[in-house]
Amino acid sequence: MAKPATTVTIIAERLLQAKIFKLLDETGASGYTVVEGSGKGHNLIRTHERPSIVRDFDIVRIEFVMSDGEHAREIAQQIADTYFKDYSGIITISPVEVLRPELF
Amino acid sequence: MAKPATTVTIIAERLLQAKIFKLLDETGASGYTVVEGSGKGHNLIRTHERPSIVRDFDIVRIEFVMSDGEHAREIAQQIADTYFKDYSGIITISPVEVLRPELF
Amino acid sequence: MAKPATTVTIIAERLLQAKIFKLLDETGASGYTVVEGSGKGHNLIRTHERPSIVRDFDIVRIEFVMSDGEHAREIAQQIADTYFKDYSGIITISPVEVLRPELF
Amino acid sequence: MDLLANFASSFVSQLQSPTLAFLIGGMVLAATGSKLAIPDAVYRFIIFVLLMSIGLHGGMEIREADPTELALPALFAALIGVIAVLLGAQTLGRLPGVSKDDAYATAGLFGAVSASTLAVAMVVLEEKEIPFEAWAPALYPFMDIPALILAIVLASLAKAKQSGEKAKRVAIGEIIKDSLRSSALSALLLGLAIGFIAEPREVHEGFYDLLFRGFLSVLMLVMGMEAWARLSELRRVAHWYAAYAVIAPITHGLIGFGLGYIAHVLVGFSPGGVIILAIIAASNSDISGPPTLRAGIPGANPSSFIGASTSVGTPIAIAVCVPLFVALAEVVFGL
Amino acid sequence: MDLLANFASSFVSQLQSPTLAFLIGGMVLAATGSKLAIPDAVYRFIIFVLLMSIGLHGGMEIREADPTELALPALFAALIGVIAVLLGAQTLGRLPGVSKDDAYATAGLFGAVSASTLAVAMVVLEEKEIPFEAWAPALYPFMDIPALILAIVLASLAKAKQSGEKAKRVAIGEIIKDSLRSSALSALLLGLAIGFIAEPREVHEGFYDLLFRGFLSVLMLVMGMEAWARLSELRRVAHWYAAYAVIAPITHGLIGFGLGYIAHVLVGFSPGGVIILAIIAASNSDISGPPTLRAGIPGANPSSFIGASTSVGTPIAIAVCVPLFVALAEVVFGL
Amino acid sequence: MDLLANFASSFVSQLQSPTLAFLIGGMVLAATGSKLAIPDAVYRFIIFVLLMSIGLHGGMEIREADPTELALPALFAALIGVIAVLLGAQTLGRLPGVSKDDAYATAGLFGAVSASTLAVAMVVLEEKEIPFEAWAPALYPFMDIPALILAIVLASLAKAKQSGEKAKRVAIGEIIKDSLRSSALSALLLGLAIGFIAEPREVHEGFYDLLFRGFLSVLMLVMGMEAWARLSELRRVAHWYAAYAVIAPITHGLIGFGLGYIAHVLVGFSPGGVIILAIIAASNSDISGPPTLRAGIPGANPSSFIGASTSVGTPIAIAVCVPLFVALAEVVFGL
């Protein structure tokens, strides 16, 4: 009963979180899951362990699953184009299978 | 030395966490990893940021890796059948490779 | 514009985190993302919920993405050989696609 | 007239009370999109300290109390919980756009008790120097648990009737345990036990009681923020929830006040105790209730029952019912 | 000579002050690789309590104050914010290896205000029993917001000029909102409002003020640890940042002191108020500034502007500027 | 007879002590599956405050102390750490079902010191008004570090012998650093240093000391919960661990008391100091020990050594050894 789908994983600064959520809602992602983390890339080292009032530079890992892989890719591309010129972040796309495909 | 295996990712309410762990233990998953998160789906918006005494509605992301893909799929299906009729949650299945395959 | 790449996911005790970061920096991973979690394997049960001063036994989930799959596998193997003889941990390798491939 | 004037003045003074100022402050913060947030860990510790403080104090005082006095008020507390749920099921449950499951869950939540509102009541009584029985806070579980059980049992019966199957036996023992194990009741009962057995006056006064008011002010801030934030969820469900969430606390409180008055006449339950009974009746559960109801009535939509209670029920209980029942008591008992 | 002797003795006494001892202690911990860490949740609660305490106190005192007195110092505060940014853009911005964007962001940060440094200043004034206007902490946003806005506007103009396009309109309203919504300013303003309206003396004295010094000591520890930890980031960028971060606080503080003195002469601004104005001028933003600037000047590298301010600017403001301006006031006003 | 009667009465009074009531309360909560949890961030802040408080107080008092007095007790502390590890290796290490690595790690943990138990001892001494040397808490690292080093060295030698290879040089410097950098020792030493240098009496009394008892009560709750939760892990390993975890604290404590008595006779070490020495000897490490041992003896199974210490060793140290050594001192020194 498992059917193929696509998971898009967006790793970004929390600064962008609300905007990415909005974009996902508008473009029709049926849901998403977020976990908080830390990381290192080309810019700032972001450690979750250091106390910080300013949480906007923390890393969030947002993933959304869609049945329609083409649509998922388009959304991913749109996020990359809109935000990741100016701000930190990476996007990966992976093939998965989902149970209960009617949800996605 | 990498060998193929299957990762099952379960995103569910924390309410179910203990029950899912029990089921995983009983069905013979050799281990699992959990991270806490938040998310949006068809029901409640769950934000990790808002203070809450009641953590039962938070989102947990549970993943387990198994060498035996068939077995992993069966476990995944069983979790979906047992819990995800009544409660929120999604399950994805992905192909991976593992190092130290004797562990899984 | 998506190009194939490889994601390596390392699940380990926090004890090893700093050493793994160092190894990743030295071997040329362009970045990595970490989330904190808990888990169960063959050894200790690690629960994120119990208060603990000693965070060294917590589980961290480190993932890094590289365009060069061969290189990624070598790094993964090196981490497994260096640390996972003595300490807890698992490594999975998955095929993904990335946007903005110049970053990896 | 006196009652009205009294209520008006009590209400106005309550409006200037720091407690309410923090509650409203929290709403304003949320409404203006402030990033200020009380960390989750701090919030949970605050709840713990407040309930331990109430528990420890009660436990130490109970040493000198006559336990049989508790009987009638406790019975009344249970009765109020039951009536509240039945009322809710019969009113909210019959309205258009409200599913049976959602109605039972919401009624259960409003029948159950809020630890935070209880804490507010105790501060107000202390400020007004109105004495009450030391064991009065211990009435909490006597109202909370029957309400939750009844809501889940009714929902389960309704489902069975609908599907034509025999009702699944509701695990009542599990509901009681779930409720007692919730962080709120655990802390209160632990405090009662330690207070009773070890009489830790020094640590109570020098720490738990010392931090009580300050922590309560922070809690009010959080509750105000939450109330506003949940409004958006409430807006997504039928308007009846909002109406119910305004009327139910006042109704339940009046029932509580009435039964409390009877206990006053019959067994000398103090006026302060009557106020506490009325206010916990007016309150709705924010800690033990939601997860217990979610587990027991999986078909209910948390958005509706949590939204109604957090966004409307709790502010009404704190901002309207607390001054209302204090004023009522002042008139009725001539305080 | 007197100034120097006075400054020397004030500086030495400040060095033995617990505040500074905790700051240095934090640096030593970080330098030796200690695993001791103040949990994030506790740190954020501490900031909340400190700013609520300052706000509540101010709000209660303002009840008796003449609001028109605030006008000139507030104007001067805004002026200092503006001058600081212009100075930074003209000095740091012309140095080799410093990008325009980075220069504007850094100048904005040093023109803006640090809540923590403000808290230190208030403890020192209290210890020295130097009185100041209750509304002095309310000068904070008057300096903070213009500095942030100007930095972002200048960066945006520079970018437009460079690219030959017309400048994107800077959403000034957004910047003001962003700044007011930051956890620091929200807490301060909330405290002012609640203090003014509800006058919660009891909860202020029994909780917020009670915890003030202790929490400040913990905050200093965190700031010391952070200062050291960020040094590594600072090292990755041009050395000019470090030089700027030493000179700017002292310069801005002196400008603040000067304008404060004028306000003293013109409208009787108190010596304590002058010190506060000088110290918030010397301080640099650690809470509202970084994310606002990050959002407004996305091309700027956070490593440079945060590194310079956290690692060098803040320790200089606390360890050098606080005793400096207290000593200066003692000489100038003959305290 | 006197000792027994005294011990019995001291034990009974200790059983009613709030400290123990919270410890047992925590166990009961965990046993009944309560969801009450003290947030991790709060727990870590509590440890910080307790150790800072002990440190600050010690540091301020040491100003007037004669540092040479510390020499003999410090030497004895180190000796106790060493003896404890050797004893453990020779007893636990020879039992069936216990691996060499596990035995060394467990012996190391029981030879090392618990900051929480030390805090309990200090509260009890204060309550009983038994004076002790201000520097007595500073004996902690002198016992802790040698125990951890010896355990790791022995394990490494044993492994080398087994594998026939030359022993890997143990990085003793690393172990010492690891230990000193642990959050517990860092906080204690930082407190000592700040107390000694800056003498922050006001912030100590008004904050750290103020919160001491309350925070200790919360800590006891956490330790009780942890003790119960870890029992399941202990059950998975050989029963000998449980037996060892009962006997070792008492044995080590007696050795500590004996050596303390010698120091009393030779250099006038105070009875209170002797009690502290005995109790830290009886305690087992819960903060610095586990990760240091895990890193140093990777072959050891954390379930066994952490289980034995958290579930059995710590409750024995607090509930049995504290009253035992106080009673013993009362008899021996005629307090």
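Letters A, B, C, D, E and F mark the chains in the order given here, with residues in each chain numbered from 1 onward.
Simple rule for what comes next: contacts are C-beta pairs under 8 Å (C-beta built on N, C-alpha and C of every residue); 3 or more make two chains touch, one makes a residue touch a chain.
Composition by chain, UniProt nomenclature: A, B, C = Nitrogen regulatory protein P-II; D, E, F = Sodium-dependent bicarbonate transport family permease.
These figures come from a predicted structure and were not determined experimentally.
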item: Fewest hops from subunit B to subunit F - one hop per pair of touching chains; value: 2
item: Label of the chain whose CA centroid is most distant from the centroid of subunit C; value: D
item: Pair of chains joined by more contacts [C-beta pairs], A-B or A-E; value: A-B
item: Copies subunit E and subunit D - interface residue numbers shared by over half, same or different; value: different
item: Chain located farthest away, centre of subunit E as origin (C-alpha); value: B
item: Centroid spacing, where centroids are CA-atom means, of subunit B and subunit E in whole angstrom; value: 46
item: Inter-centroid spacing, subunit F versus subunit E (mean Cα positions, whole Å); value: 43
item: Subunit A and subunit C: spacing of chain centres that average the CA atoms, whole Å; value: 19
item: Per-residue overlap in subunit C, given as positions that touch at least 2 other chains; value: 35-36, 94-95
item: Residues of subunit D whose C-beta touches two or more other chains; value: 37-42, 44, 183, 210-211
item: Contact pairs between chains, per stated definition; value: A-B, A-C, A-E, B-C, B-D, C-F, D-E, D-F, E-F
item: Touching residues (chain side subunit F, partner subunit E) in the complex; value: 39-42, 44-45, 48, 177, 180-183, 186-187, 190, 193-194, 197-200, 202-203, 206-208, 210-211
item: Subunit C-facing residues of subunit F, complex; value: 37-40, 42-44, 47, 183-184, 222, 225-226, 229, 233, 286-287, 290-291, 294-295, 298-299, 301-303, 306
item: List of subunit C residues in touch with subunit A within their complex; value: 1-2, 5, 7, 21, 25, 30-36, 65, 94-100, 103-104
item: Residues of subunit A touching subunit C in the complex; value: 9, 11, 35-42, 48, 59, 61, 73, 76-77, 80, 84, 90-95
item: Touching residues on subunit B, where the partner in the complex is subunit D; value: 15, 43-45, 49-54, 56-57, 86-87
